[in-house]
Every structure is written in C-alpha cells, then in structure tokens.
Amino acid sequence: MSKVVTFGEIMLRLAPEGYYRFVQADTYGATYGGGEANVSVSLANFGLDSKFVTKLPKHEIGQAGVNSLRKFGVDTSDIVRGGSRVGIYFLEKGASQRPSKVIYDRAGSSIAEAVKEDFDWDKIFEGADWFHFTGITPALGDNVAEICLEAVKKAKEKGITVSCDLNYRNKLWSKEKAGQVMGELCKYVDVCIANEEDAGDVFGIKAANTDVTSGQVNHEGYKDVAKQLADRFGFKKVAITLRTSISANDNKWAAMLYDGTDFYFSKNYLMHIVDRVGGGDSFGAGLIYSCLQNMEPQQIIEFAVAASCLKHSIEGDFNMVTVDEVSKLAGGDASGRVQR
Amino acid sequence: MSKVVTFGEIMLRLAPEGYYRFVQADTYGATYGGGEANVSVSLANFGLDSKFVTKLPKHEIGQAGVNSLRKFGVDTSDIVRGGSRVGIYFLEKGASQRPSKVIYDRAGSSIAEAVKEDFDWDKIFEGADWFHFTGITPALGDNVAEICLEAVKKAKEKGITVSCDLNYRNKLWSKEKAGQVMGELCKYVDVCIANEEDAGDVFGIKAANTDVTSGQVNHEGYKDVAKQLADRFGFKKVAITLRTSISANDNKWAAMLYDGTDFYFSKNYLMHIVDRVGGGDSFGAGLIYSCLQNMEPQQIIEFAVAASCLKHSIEGDFNMVTVDEVSKLAGGDASGRVQR
Amino acid sequence: MSKVVTFGEIMLRLAPEGYYRFVQADTYGATYGGGEANVSVSLANFGLDSKFVTKLPKHEIGQAGVNSLRKFGVDTSDIVRGGSRVGIYFLEKGASQRPSKVIYDRAGSSIAEAVKEDFDWDKIFEGADWFHFTGITPALGDNVAEICLEAVKKAKEKGITVSCDLNYRNKLWSKEKAGQVMGELCKYVDVCIANEEDAGDVFGIKAANTDVTSGQVNHEGYKDVAKQLADRFGFKKVAITLRTSISANDNKWAAMLYDGTDFYFSKNYLMHIVDRVGGGDSFGAGLIYSCLQNMEPQQIIEFAVAASCLKHSIEGDFNMVTVDEVSKLAGGDASGRVQR
Amino acid sequence: MSKVVTFGEIMLRLAPEGYYRFVQADTYGATYGGGEANVSVSLANFGLDSKFVTKLPKHEIGQAGVNSLRKFGVDTSDIVRGGSRVGIYFLEKGASQRPSKVIYDRAGSSIAEAVKEDFDWDKIFEGADWFHFTGITPALGDNVAEICLEAVKKAKEKGITVSCDLNYRNKLWSKEKAGQVMGELCKYVDVCIANEEDAGDVFGIKAANTDVTSGQVNHEGYKDVAKQLADRFGFKKVAITLRTSISANDNKWAAMLYDGTDFYFSKNYLMHIVDRVGGGDSFGAGLIYSCLQNMEPQQIIEFAVAASCLKHSIEGDFNMVTVDEVSKLAGGDASGRVQR
Amino acid sequence: MSKVVTFGEIMLRLAPEGYYRFVQADTYGATYGGGEANVSVSLANFGLDSKFVTKLPKHEIGQAGVNSLRKFGVDTSDIVRGGSRVGIYFLEKGASQRPSKVIYDRAGSSIAEAVKEDFDWDKIFEGADWFHFTGITPALGDNVAEICLEAVKKAKEKGITVSCDLNYRNKLWSKEKAGQVMGELCKYVDVCIANEEDAGDVFGIKAANTDVTSGQVNHEGYKDVAKQLADRFGFKKVAITLRTSISANDNKWAAMLYDGTDFYFSKNYLMHIVDRVGGGDSFGAGLIYSCLQNMEPQQIIEFAVAASCLKHSIEGDFNMVTVDEVSKLAGGDASGRVQR
Amino acid sequence: MSKVVTFGEIMLRLAPEGYYRFVQADTYGATYGGGEANVSVSLANFGLDSKFVTKLPKHEIGQAGVNSLRKFGVDTSDIVRGGSRVGIYFLEKGASQRPSKVIYDRAGSSIAEAVKEDFDWDKIFEGADWFHFTGITPALGDNVAEICLEAVKKAKEKGITVSCDLNYRNKLWSKEKAGQVMGELCKYVDVCIANEEDAGDVFGIKAANTDVTSGQVNHEGYKDVAKQLADRFGFKKVAITLRTSISANDNKWAAMLYDGTDFYFSKNYLMHIVDRVGGGDSFGAGLIYSCLQNMEPQQIIEFAVAASCLKHSIEGDFNMVTVDEVSKLAGGDASGRVQR
C-alpha cells in the first residue's frame, strides 16, 4: 500500500444550509477542509496509507479538526498541537446566476504561525512514497514557505515523488510574491497541477485566446501552457483542469495531462453541482492515486477527472468516493442509474 | 367507490438528508415504503377504497409503519401483527453522475417469515374489485410465494381483477427462480406491468437492440416484448415503463400500453428528479385507477405516466398527488407555473 | 440618499422545507413577505432610505413581522400596531412538472381591517421621493382601497413619484372590481409595472397572440400593451416582466421598458429557481432604484431584470442582494463562478 | 370495543422549537390539536373505536388535520369538509420562571362558521356509547353552541353517556355568557370534568381558601365544589384536576373524583414537563376509558391521572400512550427506569 | 424616551445544538452577542432608545452582526465598518455536573484593532442620557482602553450617567493590568456593577468568608465589598449579582444594591437554566432601565434580578423580555403558569 | 501508554430527536454504540491505546460504524469485514415518569454470525495490557461465546488483565444459560463489573433487602454480593454500580469497589440526565483507566463514578470526556460553573 504525505492547513468551514445567504443564516454547517487535507481524505478513501501534517490548537475546535480526518482513516499522528486558533472560512453556496462566496478568516491560525522546529520531516517521511502540497501553504507566511522548502528538499533527498497544485489565492499574496516563492519550490516538484488560471497568475504563463467566463476552452492554448511549465521547471507531468462555468449549478469539467511527450485530454462532463469546493483537490488525489497505480496516461487523466467529477456531487470539501465508484464512471457509465 | 387490495412488504426507509452520502449521515429521514404499499397509498390519495395487507411486528416500529398508511387513509385493518422485525432499506440519493444507492436489510422481517394461516383471503377480499402485487413479494421466500399463489387463486375465483408488477430484484432471487415462480403466478394475472428490463430478467423476453444506459429507447422492441408477454400468459393488458437515465438528477419517462390489439405510447417527460424511488409503483397505481375509471387506452397510459412523472417530484416512496393534479398534467399543462 | 415609502400587507409565510408537500410537512419555515414589503427590503439592501407602512397586531407574531423588516434596515416607525391577526400564506414549493402551490389565509388581518384614521400620510411622506404600492393592497377591501387613494393623492400633491405594480390576484377580487378601483388609482401613478397577464386581467388590455403556458413570448404584443397602458393613464414609464415557465425549476426571465417613446428589452436569463416568490417585487425594487439613480432606460431595465433574476436564487420573499451584485450580473457576468 | 364520539375544533398548532421565543423563531413545528381531538386520539391509542367530528376546509391544510387524526386510527369519516380556514394557535414553550404563551388565531375557522345542517347526529351516533365535548366548542359562537345542544339532546335520547370538560377560555367568551350557555348544555351531561378554576369561572362555584399560584391545594374546598356541581346539574360523576405550578418546568398533578357519594383523591405526581398542552384533555380521555372499562372509582381516578401525568412527558397536544403504560404508572412504578 | 449608548465588542457566537459537545457538533447555531451589545438589545426590548457602538468588518459576517441588533430595534447608525474580522466565541452548553465551556477566538477583531479616530463621541452622545460599558472592552487592547477613556470623559463632560460592569476576563488581561486600567476609568463611573468575584479580581476587594463553589453566600461580606468600592471610586450606586451554582442546569440568582446609604437585597430565584450566557448583562440592562424610570431602590434591584432571572430561560446572549414580563415576575408571580 | 483491547458488537443506534416517541418520529439520529465499543471510545478519549474488535459488513453502514470509532482514535485495524448486517437498536428517550424504551433489532448481525476463524487473537493481543468484554457478547450466540472463551484463555496465557461487565440482557438469553456460560468465562476474569441486578440475574447472588425501584440502596447487601462474587470466581476486584432512579430525568449514581479486602464507596451524585445509555460502560472505562494508572482504591472508584456521572450529561452511547474533566469532578467540583 503506497504511502502519501500532504502538508498544509485544515480550516473550519462554516456554511449556511442549502442556498441560504450569509445574512439569512442562523445555523452553520461545520465541517473541515483545506487543499491538502482534502487530498489526504480522498486518498484514504481510495485505500492508500495517507498522512496529513499540520499544526492545530490543543482545544476542542482543533481536536474536531483532527477527528474529521481520523474518521476517514487519515493518519494524524504527525499533526502538531499548539498555537491559538483554527483558520476559518465561511462559504455561501451560489445558485444559478448567483456565484458562491467565500470569506476567509484564517490569519493567525496555528499553522500560519508554525515554526520549522515544529516538524521533523525525517520522521514524517518514514516509508513515504509521495509528498503533496499546494500553493496555498507557502502563501500562509514566509515561515510556512520555509517549512515547505525544507519539506520538498527532504523529500527530494529521500527519492519521494513531489506533487504541487499551484492553487493561486490572491487574498493571501501578490502574483509577484507567489511567482518568486513558488518558483523556488517548483524546482523540487515532479508533478505539477494547475487550473486554467494558476499558471498565468503565478508564473505569467497564459493560454492564448481563452476567456474563462465565456465558456470557451482553447485546447491548443493549454498544451502550450503545460509545455512551458514543464520546460521551465522540469516537471515530469503537468495536469491542467478545465472548468467551464455555465452557472453556479452547472459546470463542465475536463482536464489535460502532459507527460513531457504527449497531451491527453479527458472526457468532458456536464455536472449538476452539489458542492464545488474541493473539486480541484479531488482531481489532485485522483491523479496521485492513478500515478501510484501506474495507470496509462489516458487512464490517469480519466481517473482523476472522474474522481473530481463525482466530488462535485458530494457535500463538503472531502471527496467521499471509492476506487470502484471512480472506475465505473471513468469506464463510461455516467447515467447515474440507481444501484440496488 | 372501487376497492383495491394490495399485498406485500412495507419497509422502514432510512435516508440521509439531501445529497449526503451514507458515511456523512448522522441523521436519517425515517419513512416507510414498499412496492405494494406505495400503490395502496397512491390509490387512497386518488380517493379509492384502498387496503394494504402485510405482517408487521407488534412493537412501535411496526406500529409506525401502520400509522404511515393510515395517515393517508389506507385500510390497515387486515394487517397481521406479529413476528420480530420490520424490513429496512437504506437509501442514499444520487446526484449528477453519482447514482443513488440502496442497501437492503430485510431478511427475517415479519412478512418474510409469515405463514399461510396468517391471512384469511376470503375476509380480506370482501367487496374487492382489484388485487395487486409485485414480483418482490414472492421473492421474499417460498412461504410468501405460496401465500401469493393462494391469494391470486382466491382472487380469480371471486372474479377480482389481478395485476402484477414484475419488479425483478436480483438481490432477492435468481432469474431462474424468479422465472419459475412468477411463471406460475402470472397464470392468474390480468394486467402485467414491467419496466424495460423486467421481462428479460424474469422470463428471458428482451427488446431487441436497446441499451438502457445509452439513453436510446427502441419502440419496436418494446412492442415485441409486450406482445410476447401477453401471448405467453394471456394478460389482458401489458404496460411497460420506459426510463432514460440522463443523470441521477435528470431522467426521461414514458410508457407503453398494449391491450391485446393496439399499442399506445405516452408523452415522454423530461424530469428533474426529487426522489425517484416509487416511480414505478406510482405508475402501477395510475394504471389501476385509470382502468377502474374505464378510461380509453390512450388516456390510461397518459394518466399512469403523468401520475408517476409527478411522483418523481415528491420526497419519499409514496405518491402524494390527487386525481386533479394528475389530470392537469396528463391534459398537457407541464409548465409547473405556480398556483395561487 | 433617496427615500422610498411603500404601503401594503406583510404576511407570515409558512413553507414546508425543501420540496415537501403540505401533507408531508411537520415543520414550516416561518418568514415574512408581501408585495410592497419585499420592495422595501430590497431597496434597503440597495442602500436607500426605505420605509414600509402597514398595520400589524401588537402581539409577538406581529412584532416578528416588524423585526423581519428592521433586520434589513427598513424604517418601520410608521407601522401602526393594532388589530387582531397577521395575514398568513402557506407556500408549497413545486419541482419539475409539479407547480408550486399557495394557500392564502389573510382575511381579517390587521391591515385588511385598517381605517383611514390609522395613517397620517403627511407625517409618513416627510422627505419622501417615491411612493410604491401594488394592486394587492386595494384588493384587501374597500377601506384599504380608500386609504390607497388618499395616499396617492397626497403623494401627488407633494410631488412624490408614484409607482404601482398591477399584481392582479383573482382570489381577492373580480376583474371588474379590480379594473374599476385600479383605474381610479392609476390616475395618480407615474410608473406602472405589470407581468404578462396583469394588464389583461385588470384592464382588458391584452398582448395579441401570446400564450403564457406555451413558452412563447410575443415582443410586438407587449409593446402594444405598454403603449395602450401609457396612453390610457398617462404613465411616464411602463415596465412589463416576461416570464417563460419551462418547469417549476427552470424559467426564462426578461422584461421590457417603455418610456413613452421607445421600447427597451432586457437580456433573457435562463434561471434554475431556488424560490420564485417575490420575483416580480424584486423587479419593481430594481426599477425604482435604477430610476432614482437616473440610469439610462436600457440600464434601468437591465438592472431591474438582473436584480430579479438574482432573487430567484434566494430563499424567501426578500431579495438579499447588493447593488454591486446586481451591477455585476447586469454588466454581463452570468457565469456564477465562485468568489473567493 | 366501546365507541366514543367527540365534537369540537382541531387547530393547527405552530410552535417554535425547544424553548425559543416567538421573536426568535424562524421555523415552527406544525402539529394539530384541540380539546376534543386530543381526547379522540388518546382514546384511539387506548384501543377504543374513536370518532372525531368537526368541519375543516377542503384544502391541504385542512387535509393535513384529517391525516393527523387518521394516523392514530381516529375515525374521521364524519368530518365535514368546507369553509375557509383552519384555526391556528401559536405556542411558545415556557421555562423556569417564564410562562408558556399561547396566541390564538381561530376566528373564522370552518367549524366556527359551521351550521346545524352540516352534521347528521343520527348517523354520527350510530353505535356510539359515549359523547364528549368541552366548553371551548360552544364558545366558538352561538351557531356552534346550538349544534352542541342538538348533539347532547340527541345523545341523551339515544342513551349515550355524555361527558363535558368545562374548559373555560376567557378569550372566547365572558363568564356570564359561558355560565348561561354551559348551564343549558350541562343539563344533558352525565360526567363533568373541570380544573381548579373552571367551576368558579363558569358557574361561580369556588373552592374556598385556594390560591392556584401559591402551590397550595385545598382538598376540602374541591370536595365542596364537586358536590355543588353535582347537586346543581345532576352529574353522575364530577372529576377535578389539581395542578400546582412550581415553575414552567415543574408541576404537581393530581385529581379528585366524586361519584355522588364519595370523594377519591389520586396520587400526586411531581412532573418534569416536556409539553403541558393537552394535559387536561388526556385526563378526560383516561377518565372516559376507565369508566367504560368499569373500573372502581379509585382506579378510575388513578388511571386518569396517570394517563395525563404521562402526557406531560410527550411533545404535542396528543397523548401517545398505551393502556399498558398508563396501568404500569397507575400501579405504582414511577421510577422511569429504562425498558430494554 | 431615555437614550442609552453602549460601547464594546459584538462577537459571532457558535454553539452546538442542545447539549452536544464540541467534538460531536457538525452544525453550530450562529447568533451574536457581547457584554454591551446584550445590554443594548435588552434596553431596546424594554422600549428605550438604545444605541450600540462598535467596529465591524464590511463583509457579510459583519453585516449579519449589525442585522442581529437592528432586528430588535437597536440603533446601529454609529457602528463603524472596517477592519478584518468579527470576533468569535464557541460555546458548549453544560449539563448537570458538566460545566459549560467557552473558547474565545477574538484576537484581531475589527474593534480590537480600532483607533480613536474611528469614533466621534460628540456625535455619538447626541441626546444621550446614559453611557454603559464593561471591563471587557478596555481589556481588548490599550488602543480600546484609550477609546473608552475618551468616551467616559466626554460622557462626564456632557452630564451623561456612566455605568460600568467590571466583568473581569482573565484570558484578556492580568489582574494587575485590569486594576490599573479600570481604576482610571472608574473615576468617571456613576454606577458600578459586579459579580461575586469581579471586585476581588480587579481591585483586590473581597467578600470575607465566601466560597463561590460552595453554594454559600455571605451577605455581610458583599455589603463590605460594595461599600469599599463606593468609597474608593465615589460610585453613586453599586450593584452586585449573587449566583449560586448548584449544577450546570440549576442556579440560584439574586443581587444586592448599595445606594451609598442602604443595602437592598433582592429575592433569590432558583432557576432551571436554558442559557446562562448574558445573565449578568441582562441584570445590567434591568438596572439601567429601572434607574432611568426612577424606581425606588428595592424596586430597582428586584426589577434587575427578575429581568436577568428571565434571561436564563432564553436561548442566546440577548434578553428577549418586555417590561411587562419582568414586572410580573418582580411583582411576585414566579409560577410559570401558561398564559393563554 | 497502556493498550486495551475490547471485543463485542457495535450497533447502529436510531433515536428520535429530543423526547419524541417512536410513533412521532420521522427522523432518527444515527449514531453507533455497544457495550465494549463504548468502553473503547472512552479509553481512547482518556488517551490510551484502545482497540475494538468486532465483525461488520463491508457496505457503507458497516463502514460508518468503523468511522464512528476511528473518529475518536480507536484502533479499528482488527475489525473483520463481512457478514450481512449491522445490528440495530432503536432508542426512545424517556422523560419524567415515562421510561426510556429500547427495541433491539440485532439478530443476524455480522458479529452474531461470526466464526472462530474470523479472529486471530495472537495478532490482536500484540502489546496489549488489558482485555475487556461484557455479558452481552457471549449472549449473541454459542459461536460468539466460544470466541469469547478463546479470547479470555489467550489473554490469560499472555498475562493480560481481563475485565468483564456482567451486563445481563434478558432479551438475549435466559438466566440459566447466562449463568452457565458466564460461569465458565468468569474463571478467566480478574476484574468483575456489575450493576445492582446483574449478579442476581446471572448467578443468583442477591443483595438482601434492596428494591431497585424504591430508591433505597442497601450498602451492606452490596458488600455481601461483591464478596460472594469474588469468593466464587476469584476476582481480584469487584465493582458494583448503584443507580437510584428518581425519574427518567433524575437519577442518583454511585458505586462500590471491593478489592478482596476492603469495600470503598464513592460519592453519590444526583444527576440531571441528558442520555443515560452507556452509563455503565463509561464506568467500566473509568475503572480500567484508573486501575491502569495504579490509582488507590478510593481514587479508582471515585474516578470511575465521576467519569460515568459525566457520561449521563452527554448525548449518545460514547463518553466524550477527558481525564482532566473527570479528575476535576472526582476532586470535588460538581458545581457545573461555566469555564471561560
């Protein structure tokens, strides 16, 4: 059983029920999520040995974050306990022409204030095959970026495959800062994951002639982006997700994989969305799993897209699907017929 | 007022709220349902004198099953109380590419352990015009199949019309066993109801060139199936429902009626699904009602399909619609405009 | 900051959760709403000084109605307290082919039994720029119609712009009575708002060749209706909303503005509906706001339609959107992409 | 199996969840209840043939009222359908020093507007052994008082035992009016039920030296009240409930029975209250049941008090207890130990 | 109508439903509260002109805080909008021997980062009769303590009565720091409110021989504390609340008022607690109201204690009671009998 | 860190919300619990290395059972997956004089049908210090009793301390059968736990002169019972819990420990009950923990009783308390004062 380590922040997610707006809510659904934590849960659900590393306060709100991961079998034994708060994000689910809205309240979280001494990467990486992080983590602060750098260097040393989802967040840092920090980290990355806009935001690498709000996707442009990324950083694989937003309820979803030689485009799914948060993370998890299973490139991208397509039908950040369920969809049965 | 008797199992249905998966649920909606019970409630909602016969334990979980039927005016006076458990089914509602999932926990239920002596069909059938059962009931066990046989024979004796929905369930019995038992029971059946696959599963009678997952329906093939069924068992009427699954949220729904002479196809509805369970049962109820009202064949099939189309917009197994509502839709107003 | 006064009834709205039918409900969501109250809340959310005038009982159910308005900043200082009950309406949300259903229980409400002496329009209109009411209010009784007449006369005297949404309700009065009373009131109205059917129901002015259940909208016909309305009553502006009902879940939504010279048609939105109640009222609020901002006619109609398009994605009668949100949609971004 | 008929109003009860105040509620639990309906449900739960007679509108809110009774096996076949509204009462549950609060909104209900021709008492009373009503019903209006009078006369004629719970409601009528109307009706009553204050409010018959807010109950005083009542109207039995309110959560509960000869006092229970509404009605049902079972006087009063003691532990107006459960408590086991 | 201004923090309160522990919760009730905001809402519910001053972010979570106050009629026109976050507190309700638990997450809130320039006290105090704050507000930071000092000085200048609830929070500052800052502020205070421990924690003034966990209250000791406080700071009135904690569900509640001459002890209530948070604040509001109404000292303390006794029966921080309800309890009716 | 293994059944617990009766419920809270699983979770919450062993089906309802344990850190790696169903119990919470009610539906569960080959006790017991089971497990069937016997023998061999909670369930087996099977198993037990009635039910050993429904507890009698148990089976320790049921809401709770020499009685707590299920199990966990910490006998019994006292304030079967919380209560602070 392959072992994957991820590192990042897990936040308390507070979301009004159904389609209520923030100003209408007097209860919040309370779950946990975060880019790397979402990958860890998804991998645990696929049956891998999956460890998530972060720092969380000792109090019960921190404990509930740990529990949310343990529940699905994630190894939480290297989560450091301390610091003063759990990062929070408020999520209002959009509908039709009304977009979803996210309000972050994550400054001062335990992980954002963590120091290098908190983490012993030699111990953390024992027996690990793969290390994954996203661009959100180094954006939490210079201290965290340093921890990331130490982690990827250590992973490289140990021959652990490193993947990174660029995941640019403009509320956390500027494009310039992102480009500089991520540029350094990407030197140690083997597999790069990005959405339609990340490469442009972080590294100024853009797909020509594509307008993400127009519903048009430009295949040639994305090939070009992937090739530039691979050329600049020496990535062995680059995967780019391609979302077309028809409305807050309906999106198209596909992806492309570049393995340094060829380009592989997945099927394109029309999705009725239950919850789109974590869509990209579930793609990352699907990609890591299928790579670790040594699938063929076309299978890899189909598995990753099918996994994340299913995520969009599931409430919460975490992707609660099994390998069988993903394989069935990737294999072509998208009819949604009831299983008795 | 016509009087209809149905016989079968009513189960406790436990379903996570909304689109939550089983592993996310910490509350279950608790309702009751089952093939024949669903028909009985629907008929009571249409204003008929509707009786449901089964066996349920004496305890409160059994009582709640009785109450769920009484609430809608079903005559429960011939429900036998005893045995040890209520059958249960767990339902997870699918969305988009993720199919709904059903987990049965029905072994050992009171009705599955019932004996012939539990039921006095002479008394039960007093004043009855119609008797309905489905292929699920005899599948519960040889004892229950025997009770069914006794019931249909007695119904025949008394000149009561008998209808049967083939309703094949592969978790309950093999195709071979089903073919053998249902073949015997069908000798006493006047009106046969089936979905696209039942005739093939139970009797090996298949519509040529149709793939239920492809979204393609083959009219000629279904005509052939209906004719073969009628020819083999002497059914006076055969009705076949035609579902096309676009996604877990969107289905097309239509049906065909064969009256031994002609074939009548209904309108085809594109449905946004609220709850698809009980869809077929609501069709059966619509068919029984419209036959008892002596509607014309085209009206019969339009009424039955409209009734079950509306069912898909209603939570739970039971179809909560009035004759007026069905007639309005069958009559052509499918716009869903608000009624003030 | 412009100041707008509206006058009418605010009712307790009792609605089963989700898509449950009335006979399945054992809890009701309890919110408040009513044609003019909905306009007032929407205007307060747009940042205007917005006052709502009505009569409500002194008890807590009346108080909760006041609170529901204060919460969003509506000025409730001229709401008269007294009388015996709050009007109620029961709302069952439709889905797919099943229409929504409204049951009114509003007879005998405090406002329906109000007398002229209850309201001091000189005081109420202090500093006001605009007065709005709908055809529902005078339909509550001759006493209320008289109060309306007094209000519009006083508004006219003071140079306050008067708008009226015809809003015909056949459960409240006959077409004949409506035509007579509204005909008198419309003499004092500057801006007239109507849906596809109101002009015909109230004044017998119909758009030729249009069938509201067919999904077909006839542009020329509506031009003709608007022109006839303006000619008969001297309205400075006439706005007509154009709804096409595909199903209870999916509607198209657009509108037309006539400024006495030209006709301006808005974009046509395809909406997945969360809650369609208050759709017309949110259009009225959008229109009043954009007129008060002195927008150009095409901008006015786009703002009003975008505002009400967003309303359909929001639970409850009230439109909870900001000017920024409406402007963004009116400006062309209808993709519903998440905002982080 | 004895058959009992009751006649009165069933209202929609809207209550905020838990201990929320009206001004905090945005959902209401929606159940049904009313003095006589509560008795009917309780008797059906005891296994009697129990019929409830009223008038309810044809719409779904009326239908849901019918269903709420059918669910528990009450015979609703003589409920007249028509009129315009269902009476409503809003209930806010008190706690500690804060009392529960009831807001009635029942004017204009179908039963309050019913006419004599609506009810065919010969048909209604077929096979009946007992007729029960409360002082609330004639208080709904002179028309309803007349219907009551017709009913009790007819019952008398047919030798049906008549019971009446005085149940004085000062929001419905004055003490003078109540005394006059109830005085006439009581001539036909065999069994009179009252609480500590009813006899004083309706007939001016008071227990000396008792202050209901003080927690003191005066046994001798109640004996005197019962005797006066029996003497004045010729009641065969008079039962008086004795509630001591310690706080909104804690009450003491006992009762006294006078059979024309002797006085029987029940045990006195200290109750933690879940829901006190319907407490008196459940006492009435217990009394009717135990009388019909020909229990001894002491057993009668113990059964009635135990039944209503249990009611206080149950949500809603209806008493959901079996004869076994009541007998167990009446027999002395009040420990509340879990039953596995 | 008297006008009262309060100044402080309003936090988002997140509390698991019922008695669930934090680690069991997956929904949080989301309300708002804070020492001074609670006083403001209570005073608005008493019918006073009540203004709350704070700083809240511009986003929807901040807006919802404003709305929570407007809903009950609090004047929010001087709330400054800006800064980055709303303070949060997590509340787990205790039961029996298990205490309630509060986890604060308030660092970095908009008010905690506010500057003197944010508030224009001349404008804020226009027409004001009373200014109230608590010891929590200056504890938020030196900047906020300075703002408080400016406010009390300005109030003094304008002849506005100033009250202060000492409200010591050991998670916000040390006893030494509290003593120093509060000592300075108290020079401008007219009415001082404290619980059993505050005077000791902040100023080292202790009631001899009292152990708050023992259930014993020492009247003489509290007299001494009040006198020392008044003597040291020149308070015109000192009020001390006296809580005896029997269990998390049951507390005794009383208070003492010292007017510089005499000591007045209130009745002592035994309370079944629904929600104890805001108990002290509701006492403060009762005290301010009764002082402004010029009640007699004994009436003042009875009114304040009765108001806060009722608060313990109400969910949330805010006291939702009217003057009538408080007066009824203060007047002696503590039976909690239902009000129909 | 000590390691404790428990073995038994974990069931799906379905309970109506709040105090609703079964016949009123249309949602069930869905949690998991069972005698030994409850002990395992409690021990994990105390920070021990805690493993639970059982058999559960492969489907999602079985998986959710596993997840419910993992969430709190229980080691589930030796749970065998297979078989056909999860045992279920329905729980209706009692109030006041109305007792709680449990309906079991556990026949045919995976663990009840397990075979000896399913469990490899050598592997399971690796590194274990303590093994715990209850009398429920062998009662599931002769096959399970045999597995228990194998386990206790293996534990004995390995020098692992064995504890057993007698936990007699009369719905699972007769007293005779229980006595015989438990008599054999008890030979291998070191620490015996029982409630007031178990010793009598299983072994015919009774405390003289004690009536569990009377509220009287007889200290001398329990001493005698403990001594007889220890004498007959050679137990090193015997602990007996002493519950006095005042009502379904209020119980007294204490316990006694016999260490072969002396008798230690704990404090006696008066508890307001939130959820009494699992009370005994939480006592067992407290006892195991305090024994493993080598506490003194009086401390052991105080810790165990305080732990289980707190359990009664927590929803669900599992005891969610930390060592600190238990120690605080055991140390004497039972005031339930809020912790800020």
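Read from first to last, the chains carry the letters A, B, C, D, E and F; within each, the first residue is number 1.
Convention: a residue touches a chain if its C-beta (ideal position, glycine included) is under 8 Å from a C-beta of that chain, and two chains touch if they have at least 3 such contacts.
Keep in mind that what you see is a predicted model, and the values were worked out from it rather than measured.
In summary, the chains found to touch both subunit C and subunit F are A, B, D, E.
Work out the mean CA point of subunit A and of subunit D, and you get 62 Å between them.
In terms of their C-alpha centroids, the spacing between subunit B and subunit D amounts to 42 Å. For subunit E, residues that reach two or more other chains under the stated contact definition are 18, 21, 23, 26, 67, 72, 101. The touch graph of these protein chains has some other shape, matching none of line, ring, star or complete.
Under the contact rule stated at the top, the pairs of chains that touch are A-B, A-C, A-E, A-F, B-C, B-D, B-F, C-D, C-E, D-E, D-F, E-F.
Looking at the complex, you find that subunit A touches subunit B at residues 18, 72, 269, 271-274, 306, 309-310, 312-316, 320-321, 325, 329, 333-340.
Residues 67-68, 70-73 of subunit A touch subunit F in their complex. Residue ranges on subunit B touching subunit A, taken from their complex, read 18-21, 23-24, 94-102, 104, 169-171, 212-213, 215, 245-250, 276-277. Touching subunit F in their complex are the following residues of subunit B: 14, 17, 21-23, 25-31, 59-61, 63-64, 67, 84-86, 88, 90, 92, 101, 103, 105, 107-108.
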